[in-house]
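Here chain A shows up in two complexes: once beside chain B, once beside chain C.
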Partner chain A sequence: MRLRKPPVGTHGSLPADAIRDGHGTSGVSSTAGLDGETLALAVRGVGKVFGQVVANDRLDLDIRPGRIHGLLGENGAGKSTVIKILGGIYRPDSGQILLSGREVSIDSPYQASELGIEIVHQESILIPSLSIAENIALRRQILGRLPGSLSNAFVKTAAELGFELNPNSKVSTLSIGERQRADIVIAMMGDAKVIILDEPTPIMGPDERVSFFAMLRRFAEQGKAIIIVTHRLLEAVEECDDITVLRAGHAVATWTSKTFPTEGGILDAMIGSSDLARGDEAKRPPTEWTGAATLSVRDVTLRCSERLTVRLPQLDVRPGEIVGVAGIEGSGQRELAALLVGQRRADSGAIQLLGKDISTFSERELCSAVGDVPDEPSLACAAELNIWQNLSMPELLWQPAVGPGKRRELKASADGAMRLFNVKAPNATTQVANLSGGNKRRVVLARETHLKSPSVIVLTYATRGLDARAGAHLLSHIQTLANAGTAIVFISSDLDELLTICDNVAVIVDGTLGDTVPAAGLNQMGLAAAMLGLSGADTTDVPQTNGSALQ
Partner chain B sequence: MEAILQIAVLAIVPLIFLSMAGLLPWVSGVLVVALEGFMLLGAFVGAVVSSLSGYQSVGFLAAIGAGLVIGAVMAYVMVYLRADQVVAGIAFNIAAVGATSFFFALIESHHGKLTPVRGGTVSVPFLSDLPVVGVVFSQHWLAILAPILVVALAFVLFRTGVGLRLRAVGDFSAGAHAAGVNVGGYRFWATAASGALAALGGAFLAIVSVGDFTENMTAGRGYIALTIVILGRWKPWGAAAGALLFAVAEGLSVVWQGFAGLPSQLFLSIPYLLTLLAVTASARASHGPVEEGRPMTVWA
Partner chain C sequence: MTTSVPAGRKAAWINFGAWDKTAAIGVLAAVVVSLIMLAPLLVLAGVNVGDGYRVLFGASAGSSFAFTSLLLSTTPLLITALGVTLAYRAGTFNVGGDGQIIIGAATAVLLFPVVDGLPVVLGVLVMVVAGTIVGFLWGAVAGLLKKWRSVSEIISTIMLNMLALLVVQYLVSGPLKGKGLQYAASGQAPTNMWLGNVGIGAVMIPVGFVIAVILVVLISAYTYYSGWGWRQRLVGISGELAARQRLKVTSMQAYSLALSGGMAGLAGVLELLGNQHRVGYTFSPGWGFDGLAIALLAQGRFPAVFPLALYFGALHNGSQSLQSELGLSGNFVLLLVGLPVVVAAALIGYANFSPRARRAPASQTKEA
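Let's turn to the complex of A and B:
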């Protein structure tokens, strides 16, 4: 299946190159916008590399005063990095930042604020043990005696924004929403020229969002430039004047003055149409799943934090079935996995494993019945022990001592598993702490999916840290296990692999798991839209299943 | 009664200096276990320098200087080199016992018995003439300075921007960094100042309270001071009240030695038992600065 190219903006005066190809713009150094107006902020060819990960690569951004500019992109597209660069938290490896046409170097968060760039971080950076007023004093760099009237400007701005906040209340007593409001007031109370908000809306209610954007509009009308990071496409389309889409550290597309394409077009830019063309051939044949479920979840809820409550209305995994859980990372996948493997207890609802309530299983029974490959391999291995000890853990844990014969046997099977999963280490007595992340994952995978023979295996981001060949090998290994009757829960954010190996897919959005639908009827676009919590986007090929999050 | 008060005053002054020395860096997130060693160092330097120079105040100044230098070294190790604060502190304390004993013996073998200069007592007019409690107001000038130190520290911590920054650094260093605070600098200087204050407390113990230096003479007062800080909930007034409690216990234990035929060790153990009780009772109810003992996090 081939997706169409993103439509070019239809604004009459807009040149065709308004949609930028990230590779072609690094030489641009003009500070004027398309209409000749001075940009509030211009990012020119900014690059940032962490180890081997390229977070920003020759990134260009044009931020106009008086506009709300949406910054869109998948996780890992480089949104947070460029924001941290603008906020003085990271220094760019290359490129320039121009503020009102003047090149600036932003060396610290304080300097960013002095230059007139205020950031409302996703996680509040207010000091919890201090009051709001004291936090303001802290940012004002007051050294001597604290003045009594610090909070006047705060109270005034808070009232303008319609927030009820007492500047003398200690931040640790505020809810997450109140902390965010305090952050917003502090960002707005000065005369900042550029205000950047990093994913502010997920913790807001619907009414709150409406008044929030009305407020942003008022500030934009005062001539401030507002940048808002979001992964809610509809919100960006409705509320922003300009939108830039980041992918793999580039600005891959920019649309100005509300000349947006359809949501499908924006989504296409976010995901990359080249990525969408492959991976359709290897889908598993559709099967009618009947019979008793190995793992069965009903009406489970688990409150994890103020931000996140995991809700699993219904999930059934039958022998031989691979059920994919698709979602943007951090949507509650880790907690979901912990629930399914019996590591965490649900606040309410029932999880049945092999027909029995999972809480009735002993540690030992769980260990043999469930294969657990968590998102972080270090969670599943003992770093101080060596490879064969980690691989033999299910055997060693329940035995008081191991004789020399048994030890040889365990070492031999560990050697075999190491070869099969291509664990790169001198030998089986190498300490796991000395292995790379990818090799630790191979050790966990070898143990949980090969040495053990569990009834159900829960894998979270299982192919992460593996090279393409090892990833493909793992996927076929999982399919082999399923064909032999193992129930598999495959948690991933990779559309390709989800659609390749899963029989059925459910989407998790903000902690809530939707219905499972057959993977055969899905395309990547539809799945991506569902993962982004988007309804009504371009989701051709999506089956019309009642009550599905994938509609 | 006057004897108890006199002992209590001589006991409380080092504890005040010590607990303020513990509190200041602790608020900023640095747990200075090395307090004991700083104090012992101050006692040693104070006793030696005042004996050799013949001036008591030179002894105190030398102790402050030595405490500042060693405090700065420890601060560098714990703050910038990110050494484990507990391990570094304990290692330093063990080294301090050995080093001070060795060098004191060495110096005495050259110069003969060292006797720190006594004196320096000042009397507050009128108050020192009061019956019974008058003794409290006729004390060494550093004893008069101790409550002033408590007031000053309370003012700085809770009424000034510097105090705000110290508290911010101890609670959420990444946030403080974002607000423009030099996290490492505040922790470094709080720890160095802690060295100077603890050393001054040690010098007071050696020169005024005891009048001599003996091996490991601080006898765990540095650790007790840390307990006092916990007991006082990381506030100068609270810590001062805690110090008072311990000083009274010490005064009672000295006065009641041999009382009713009970072994004197029983009374001498009162402050230590009180420490244990205090920590047990307050452990659940309060928690210290969030970042205590953690290396700082500042964004790259």
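Let's turn to the complex of A and C:
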């Protein structure tokens, strides 16, 4: 879910039971919590800006020893940035970090570790070609072999945690789960005061999760402060002592000592009610969709990795219909798109395009029948080639030959498309490598939605990298295409967008796609809850909708 | 290869694009710097520097005969380099040129008894086609191993070099050994099928070279203008991107490696019929590796392959004179061939990783 930055300083929309800690935006620098207890870690007014993007904005965090602190927030809320600041990977532009009441400056991951801050990253940062022991040595800046004492400490901690890990095994031979366990052991084996875990639970099974939290609790009881980033609201509510919600780089709400509001209240803080009110008036008129589907998916499964299997029980997209796929990023959207555009073949099930099985299409037919706007421009345009070559890719690749005359024609139509899509570049022979991310995306959009005339277009996070005006322009362009009879699959994590332009929406959670339901019957809160995998929340305005994931 | 360096860091002149001025300057700089570095080496070898350069290049210029011998030395290099460049454009490295050359030539030798009675043109054609096909198959082995088993073609082509050499060593010291020879080499090609020269005025141009030039033109035109050429290029630019455009990346690479092998096989047959007339252990003095060096220097650009092959051909051609006139070791030539590669690698490394390149990634330079 990507939402606009709320106006700074307006927290009037917070749930009534959200407790502000007192030293928030007021700038009071205190190292003690409300009860006078010393904080293990205090973040005070930390700001971090990347170019135009404000990642952290006067962020305050109070982390108490002996507790599990949940850090919640949408993608882009600034969780990862603050973690990287605490881990010594980024340096803050402003603000202070206090460790046990003493101001510290964390200049490198090694120093963070020396100060007693250990981080378990979302994706393991162990070096695959080395053994676990060598990785530990590298991280502790030890030359040569790892001393036996450290190796023993690893084995001992692993045993305590109930993990079977050999410090001499090469990381590349470990599964993703084992790598994560090794990461956890490495973080826990020292005498770290603060342990930060960035979304550790998605790759764990249910049983594993139970023992994982039991383990976290034991470590907390030893006086360590534990910060855990999670997308799972229920998990946070059940397992954490304190919860802080970040939004637009800012700590918008903190609840301590299990004084949590309802899930709805937490969700409100994450999304912001001011945003929830928007967008409802611009919805597309509800339509009865009948007739043959352009794209039709039945019982498709694709095993992608240990942590992700994509399951698509049913999806139909008819001519002129915009079907939104909503979900938290990394829930299998990329793989879904790869399946729908015909790049990947499903392990089982059937995908039909224009009434024929997608596997019967040649590469060339797929190229012309399906518009494909992937999330990464590098999947759709070659940086080494120039703009007109990228725009003319279907012709260049699939015509037997393109002679000088045809080249001139292609260049001319590329010029037109560049103007139409506002690609900012000196001319059509500019290399794409020299374009900004937003302009690369415009090149892809111009080719896939304008120069080609596909029957179905699959867009993945299409407005990303575009400014607000270009984004709005693109959304109206997509609606125009739909009105002209193109079937559209619109994959996004942006609630506004989804509810504004989609006719029907399906939610993807952990790789599984739910039923499609009319967008007209949805509100942002319900959609957000469904994306987070919450069931039972009051999700729809219209009770008779039949979407299982949305009820 | 091209995907290993983030696009943003790439300096303009090593980009995988059309031939441009900066690219030409880069290659030229590599050649010039390597030529200048030759001077201290000549001094170390105790040779007059002026004499060294004069002998080295006098062998290739100054007389009609010298020019013809230059072209003769260039022919196998040019065709092999063309093949390696074809593979390179699909993002693969054919290190197996030497094996493919010698196995192609050996195929023609095997056919000597068959073609003996045939009309000359038909006989030559049979040998050329057969040698090319066997080279193609030799390259296809590496290509299919890569496609089916993800075996690095760098390893497999080197191993296939060994295999080809051993097979040929066996053949020319046994079944195919020329009658009455004191050393291990094949019998001689039927003399009526030797490839001669085409005379243009006083200048004699070897037939093999003419074929090579025609191939350069045809293959460049085909890869630059055809859909196949563009697909191959996209595969070379990024496998991920090509796969998303539904291209069959590994098939494309396997096919490119096979084609590359076919070119080397052809080079072998033309060298056999145009120059050496027999196959021995030392049939190829390392054209496969030189072809790789040329393809790397040219960065996959066909127009650059031609002058580079001529330059390398001149070095090879001059090496014999260096040996016979100045008594320099034959290994000296290896140095000459290696130098431009080292210099170019240094230049590429500098362009990619210099503090300036790091500070100002190309992707940011023209931000609107």
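In this text, the second predicted complex is superposed on the first by the 476 of 551 C-alpha atoms of A that agree within 3 Å, B and C clash if a C-alpha of one lies under 4 Å from a C-alpha of the other, contacts with A are read in each partner's own complex, and residues count from 1 in each chain.
By our rule, a contact is a pair of C-beta atoms (placed from the backbone, for glycine too) under 8 Å apart; a residue touches a chain by one contact, two chains touch by 3 or more.
These numbers come from a predicted model, not from an experiment.
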Touched partner set for A:Leu126, first chain B, second chain C, both or neither: first
Which superposed partner A:Ile142 touches (first chain B, second chain C, both, neither): first
Chain B versus chain C as contact partner of A:Pro426, first or second or both or neither: second
First, second, both or neither for A:Ile89, with chain B first and chain C second: first
Chain C versus chain B, contacts on chain A by residue: C
Shared chain A contacts, counted only where both chain B and chain C touch the same residue: none
Complex interface listing, chain C residues touching chain A: 2, 7-8, 10, 12, 15-17, 225-227, 230-231, 234, 237-238, 240-241, 243-248, 362-363, 365-368
Complex contacts: residues of chain A adjacent to chain C: 338, 341-343, 363, 366-367, 372, 374, 378-386, 393, 396-403, 424-426, 430-431, 433-436, 439
For the chain A and chain B complex, residues of the former touching the latter: 84, 87, 89-91, 108-111, 113, 125-130, 134-135, 137-139, 141-146
Of chain B, residues touching chain A in the complex: 159-162, 164-165, 167-168, 170-172, 174-181, 289-290, 299-300
